[in-house]
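Both complexes below contain chain A, partnered by chain B and then by chain C.
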Partner chain A sequence: MEVAVQILFNTFVAGAIYALVAIGFNLIYSTARFFDVGYAGIAIGAAYVVLYTYKTLQFPLVISIACGVIAAGGLGWVIEKTIYKPLRVRKASNTVLLVASIGVLTVLQSILALLFTSQFQTLSRDIGSLHVLEFGGGAITETQVIIIVTAIILMCAVMYVLRYSLFGKAIRAIADDEEVARIVGIPSERLIGFVFFLGSAIGGVAGIASGFDSGVHPTSGLTLVLEGIIAAIIGGIGNVGRGVLGALLLAAIENVGVWLVSGEWRGAIAFAVLILVLLFRPRGIFST
Partner chain B sequence: MDYLLHIAILASIWSILALSLNLVVGEMGLVSLAHAAFFGIGAYTTALITQAGMNFFLALFIGMGVAALCALLIGAVLSRFKGDIYVLGSLGFTVIVYSLFLNAQDITHGPLGIAGIMRPTLFGFSFSSSTAYLILSVVFLAVTYACCVFVTNSAFGRIVHAIREDETIATLLGYRTVQYKLLMFIIAASFAALAGSLYASYISFIDPSSFTLNVSIFILATIILGGLANSRGAILGAVILIALPEALRFVGFPTDIAAQMRLLTYGAILIALMLYRPQGLLGTFRL
Partner chain C sequence: MGSKMWLIIGIVVVALIVAFAYMRGTDTAVSESGPIKIGVSMPLSGEAASYGEAGRAGLELALKEINDAGGVNGRTVELIYEDDTCDSTGATVFQKLTSIDNVVAIIGPVCSAAAGPALPIARAAGTPTILIGASAPGLAGGDDSIFSNYASDSLQGKFVADYVYNTLGKRKVAVLYVKNDWGQGLQQVFSDSFTALGGTVVFNDGAAQDATDVKTLLTKIKAEQPDLIYLPAYPALAVVTLRQMKDLGMITPVMGGDALVGDEFLNSGVADGVMYVTGAVGTPDSFKDKVKALSGSDTAINIITPLGYDALHILANVIAEKGTDPKAIVEGLKGLNYTSGISFSVISYDQNGDLKEAAYDVNVVKGKTPEKLSL
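So, the complex of A and B:
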C-alpha cells in the first residue's frame, strides 16, 4: 500500500516534468515540423542560469528563475532565427534540420561543461532544510509539490491560449498548413519565432524543475528531453493535450518498472516502451 | 613516431566505422545513431571471448555475428520507419545498449570496464608492436573499403539507391524495400563491430564511456564532413576529424577542457555543414 502511494507520488512528479518538456516540444514540432534536439541544451541551459544567478550571484529565487526562463526563451529564438530559419527558407528536409539541431545540442552541452565543469551539481542552496510532506505512507518534498502545481497551471494556460486566443488559432493554422496560413495573411515567420521563444521557455521551466528535483549535469538535458519526446510520441505527436497524457503514462510505466527492476534501467525502459508503441500504434496510443 | 603511428591506427579504425555508417546514412539516406552500439557490441564480445582464451580472429568474427544478430532484431523494427522516427529509434537502441554495458555488471564489469585485453596473434606471430598493428588495421580497412564499394556497386546496392531516391516506386516495381534496408543495415552493423574488435584489442581496455551517444554523433559528423554516399569521403572525414583535434593537445589544454573543445568543434562542424554545404566535401548525396 505504502509502495503504491509512493509510486503514485513519483509518477506525478516525473509526469509533471515530462509533461512540461512534451508541451514545449509539441509546440515547436507542430509549427516547425522537425525534432528539435537542441531544445535539450536550452532546457538544461536555463537550469544553469538559475544555478549561476541563484547560488553564485545570490539573487532571490523568483528573480533567478525568471532569468533562467527568459534566457531559455531568448536562446531558442536566436537559434531559430540564425540556424533553423535559413534552413527552412532553403526548403531543407527535416532530417537536415534534425542534424543541425544535434550540432546545436553538442555545442551547447560543451559550452555548459566548459563554463560550469561537467560535475553533477544541485540547485538548492541548502539541502538540509527540505520540507518533506507525508500522506498515506508516501513522502513528497515541498519542491515537488510546487513543480506539480506549476506544471498544471502552465498546461492549462497553454491549452487555453491555443484553443481560444487569436494567437492560438494562428498557430494551429500554421501547424495545419504553413503555406495556406501565409496566403491568408498570417505572419508565419514571426509567429514561428514566437513559438520557439515560448516552447523554449517552457522547456526551460522543465529544466529548472528537474534541476531543483534531482540536480544538473550538462548531459542531463538530453535525458530529460528524450523522455519528453517519447512522452509526446506515445501520446500522439504534435498535440499538446495528448502529450500530457503520454507523459503521465510514461512516468507511471517507468516508476513501476524501476520499482520492479532497478533505477539504472529507467532510460532503457522508456525506449523499450517507445519501440513497442512504434511497432503497434505508430501514431500514438491516444490518437484517434 | 609512435605517436604518429597511434593516430594512424585510430584513423583507420575510425575510417572503418565511417565507411560502414556511410552504407546506412549515405546509401539509404537514413540517419542512424545506433552505430556506437554496434561498435560497442563488437568491442565487448571480442574482449570477453579473447579473455576466455579464444583466438582474436575467431572472436572478431563472433563479434561481427553478434552485432549482425542485434542489427537483425532492431533493424526489423527500424526499417519500417524513416526520417525523425528512425533517428529517435536508433538513438534509443544506443541508450539501451549503453545501459546494458553499464548495468549488466556480472558480464561487463559495469563502469569499471574490461582491462588487459590481449593483442591478436596469428600462427605464433603477435601484433604487439604499433607498426604491426597499423598494418593489421590498414588491411582490415582495405577489406572494408573493398566490401563497401562492392556492395554499393552491386545490383543489390543499386536497388538500395533506388529505394533512397523513391521508395514508393521501388515498391511498385516489386522490391520488398524493408528487406533490402534491413540487409544493408546488418552489413553496416557487422563492419562497425569489426572496428569495435580492433579498437578493444588495440587500446586493451574498454568501458561503457567509449560507446556513448557522443560517439554516434562523432561518426555521423565524420561522414557528413567527408561527404555522404562516397567511400573516399568517409575515410577523408575520419582522417580529418581524428587528426585535427590532436592539434588541440599541443596548445596545452587540460584533458577535460580539450575533450569539451573537441565536442564543441564537432557540433559547430555539423551546424556549419548543414547551413553551407549539406553534401560535405566529396559527397554526391544530400540529406
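So, the complex of A and C:
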C-alpha cells in the first residue's frame, strides 16, 4: 500500500520535528518549571539566522546551521540571565514567568519581521538539487532523512547525558527540588543557565529543520512550538523520552486523521487529543 | 504618597482621556473643505505585500496627476493608506477609516480574506468602496455602496474550468484550496463548473492560510492520480505545496489562481512551470514607464497597479461631478461608463456593483517570469 508507506514517512518527519521541539522544551520545563513560550521565538530565530548566513552571506551549509544553533543557545542563555532569573530571584510565580515569556516571544517576532520582512521565505538555496529517495512506494527527501536521524541522535544523547553523567544527575536533582539541590551544593543558577543554552539550541535545531522542510515566517515559530508542547504534554511533561513518544503519537494521529477525514480537521484533531489526555490522563499517556 | 493619591490621579487621567476622545470623535460628518480624504486598504506587509506595493505605485501616479491638475473642485486629494495584512485585520482598517478618519470613499481591499470581514462596515456606513482585486463571489453583492474594479471569481472559476476541460483537455482534477473567502469561493465555482462540463473532481480539500505541512493531503492526491492540480492558494500556501510536491516526487501540472501574481511567488524558486489565471488587466508599457518614473525603477508592478490607478481617477471624476456626499458618489458610480481606464477599456458596473464584463489571461511561469499563453 503505497499511500500507507507515504503516510508513515510523513509521520516520521513531522514526528522528528515535534520531538526536537519537545526535547528542548522539556529540558527547560523540567528545570525552570514554567512554560517558556519565548522558546518559539528562539526556534524560529535560529531558522532566520540560517536564512541570513546561508542565503545572503552564502556560507557553507554546515557553518550556517552551526551559527543558527549556537545563536539560539546563546539567545536562550541571555534571555534567562536577563529576564527569567531576576524574576525567579524575586520569587515570581509561574504565571508571571509565562507572561514574561509571551513578551519575549512578541519582541522576538517583531524584531524578525523588522529585519527580514514578514514574507514567507524558503531556506534552501537551490530547489533543483533535491535528492528524493523512494522506498516501497513512498518518497522521502535527503533533507528529511537527515532531520529524522538528527532527532534520533539528539534524543539518545540527551537521554544518555541525563541518566548517566554527573551533569545529568545534577539537572535531575534541580528538576526534583531546586532548593534542596542548592543546599546539597549544586550550583543551580549556573546549571539552569546551561540548560537554557542547551534547550534553546535544540529548539533552534527544530526551527531550522522546520524551516528546511517548509519555510520560515516570523509567526511560524509559535505554531511549531505549540505542536511540540502538545506532544510533550501528551507524552508526559518534563520527561524527555516520553515527550519524544508523545511527538510520534501526535504526528501519527494528525496524519492519519488528515488521511481519513480531511485536511481542515488537522488542528482540531491535535487539540482534541490534548483535551482528552488532560481529562483522562493528565500526567501523560506514557507516564507510570 | 498613599494609594488614595494614586487613585485620584488615575481617575483624573482617565477622565482627561475620555474627554479628549469625545472631543475628537464628535466630528462625524465628512468635512466640506480642506483636502478630500480617500482611504486605502491594502496588504502592505505579510505574504501579499507585493500587491499592496504594486497598488500603491499606481495610486501614487494617479494622485500626482489629479493634484497636479488642481485637485478635485479646487481641493487636493489625500490618500490615507492602511495595512490590512490580507486577512481579517481589514475590518479594523475599515472601522478606522470610516469612523475616525471620516473618509469620503475607500479604495480596496485587494484580498478577499480582508474584504469579507471589512465590507459590512462600509455597507452599514454607506461609504462608497471600490474593490481593487478582492474577487470572492458575492463581495460586491447587492444594491449598495460597494463596487469592484476586478471581476468576481464566479467568472474566474468558470473560466478556469472551461480552459482546463476544453483547452488543456484534462478530465480528472484534484483541488487544493486555501481556507478563506477567496479560496473557498473559487473552488466552489470551479468544481461546479468542471463537473457540469463532464469532468471529475477526484479530490477537494483545503488547508489553512498559514499551514506548513500539506504532505499528507498531497499523498492523498498522489494516490488519486489526477491529470492536473487546481491550486487556488495564496502565495505562502502555494510555495509550501509546490515544495512538498517536489519532495514527494509529484510532477502533476499545477494551475493556480490570480493570487500568484506577486513577486513572493515568482521569486520563490518553485514557481517554474506553474500555470495561473489572472484577470486580463491591461498594463501597457507606457503606463509602466510612467509608474516607474515616479516610484523608482525597481518598483513591483502587477495587475493591481492599473486597478488602483483607475479606481482613484474614477473617484476623482465622480466627486468632481457629484460632490462629496456619499449617496451622490454611489449614484455616480452606478451610472458609470468610464472609457479612459488603463486596466479595462470600458468600466461599468452591473446592479450588484460587479464589473459587467470580464476577460482572463492564462500565464505560465518560465524561470521567474510569467509568460502569457495565447488562449
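Assume the second predicted complex is superposed on the first by the 283 of 288 C-alpha atoms of A that agree within 3 Å, B and C clash if a C-alpha of one lies under 4 Å from a C-alpha of the other, contacts with A are read in each partner's own complex, and residues count from 1 in each chain.
Note that contacts are C-beta pairs under 8 Å (C-beta built on N, C-alpha and C of every residue); 3 or more make two chains touch, one makes a residue touch a chain.
Because the structure is predicted, anything quoted here is derived from the model rather than measured.
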| item | value |
| --- | --- |
| Fit or clash - chain C, chain B, common chain A | clash |
| Partner chain in contact with A:G215 - chain B first, chain C second, else both or neither | second |
| First (chain B), second (chain C), both or neither touched by A:S118 | both |
| Contacts of A:S188 with chain B and chain C, given as first, second, both or neither | neither |
| Touching partner for A:S200 - first (chain B), second (chain C), both, neither | neither |
| Partner chain(s) touched by A:G267 [first = chain B, second = chain C, both, neither] | both |
| Touching partner for A:Q6 - first (chain B), second (chain C), both, neither | second |
| Contacts of A:E134 with chain B and chain C, given as first, second, both or neither | second |
| Touched partner set for A:L98, first chain B, second chain C, both or neither | first |
| Overlapping segment of chain C (options 60-68, 114-122, 168-176 or 330-338) - the one that collides with chain B in the superposed model | 114-122 |
| Footprint overlap on chain A, comparing chain B with chain C | 113, 117-118, 262, 264, 267 |
| Complex contacts: residues of chain A adjacent to chain B | 34-35, 83, 86-87, 92-100, 102-111, 113-114, 117-118, 222, 226, 229, 233, 262, 264-265, 267-268, 271-272, 274-275, 278-279, 282 |
| Sites on chain C touched by chain A in the complex | 45-47, 49, 179, 205-208, 210-217, 219-220, 222-223, 235-236, 239-240, 243-244, 246-249, 264, 268-270 |
| Residues of chain A touching chain C in the complex | 2-3, 6-7, 10, 13-14, 113, 117-120, 122, 124, 126-127, 130, 132, 134, 139-141, 144, 210, 213-215, 217, 219-220, 223-224, 254-255, 258-259, 262-264, 266-267 |
| Contact footprint of chain A on chain B as seen in their complex | 29, 31, 77, 81, 83-85, 87-89, 91-93, 95-96, 99-100, 102-103, 213-214, 217, 220-221, 224, 256-257, 260-261, 263-264, 266-271, 274-275, 278, 286-287 |
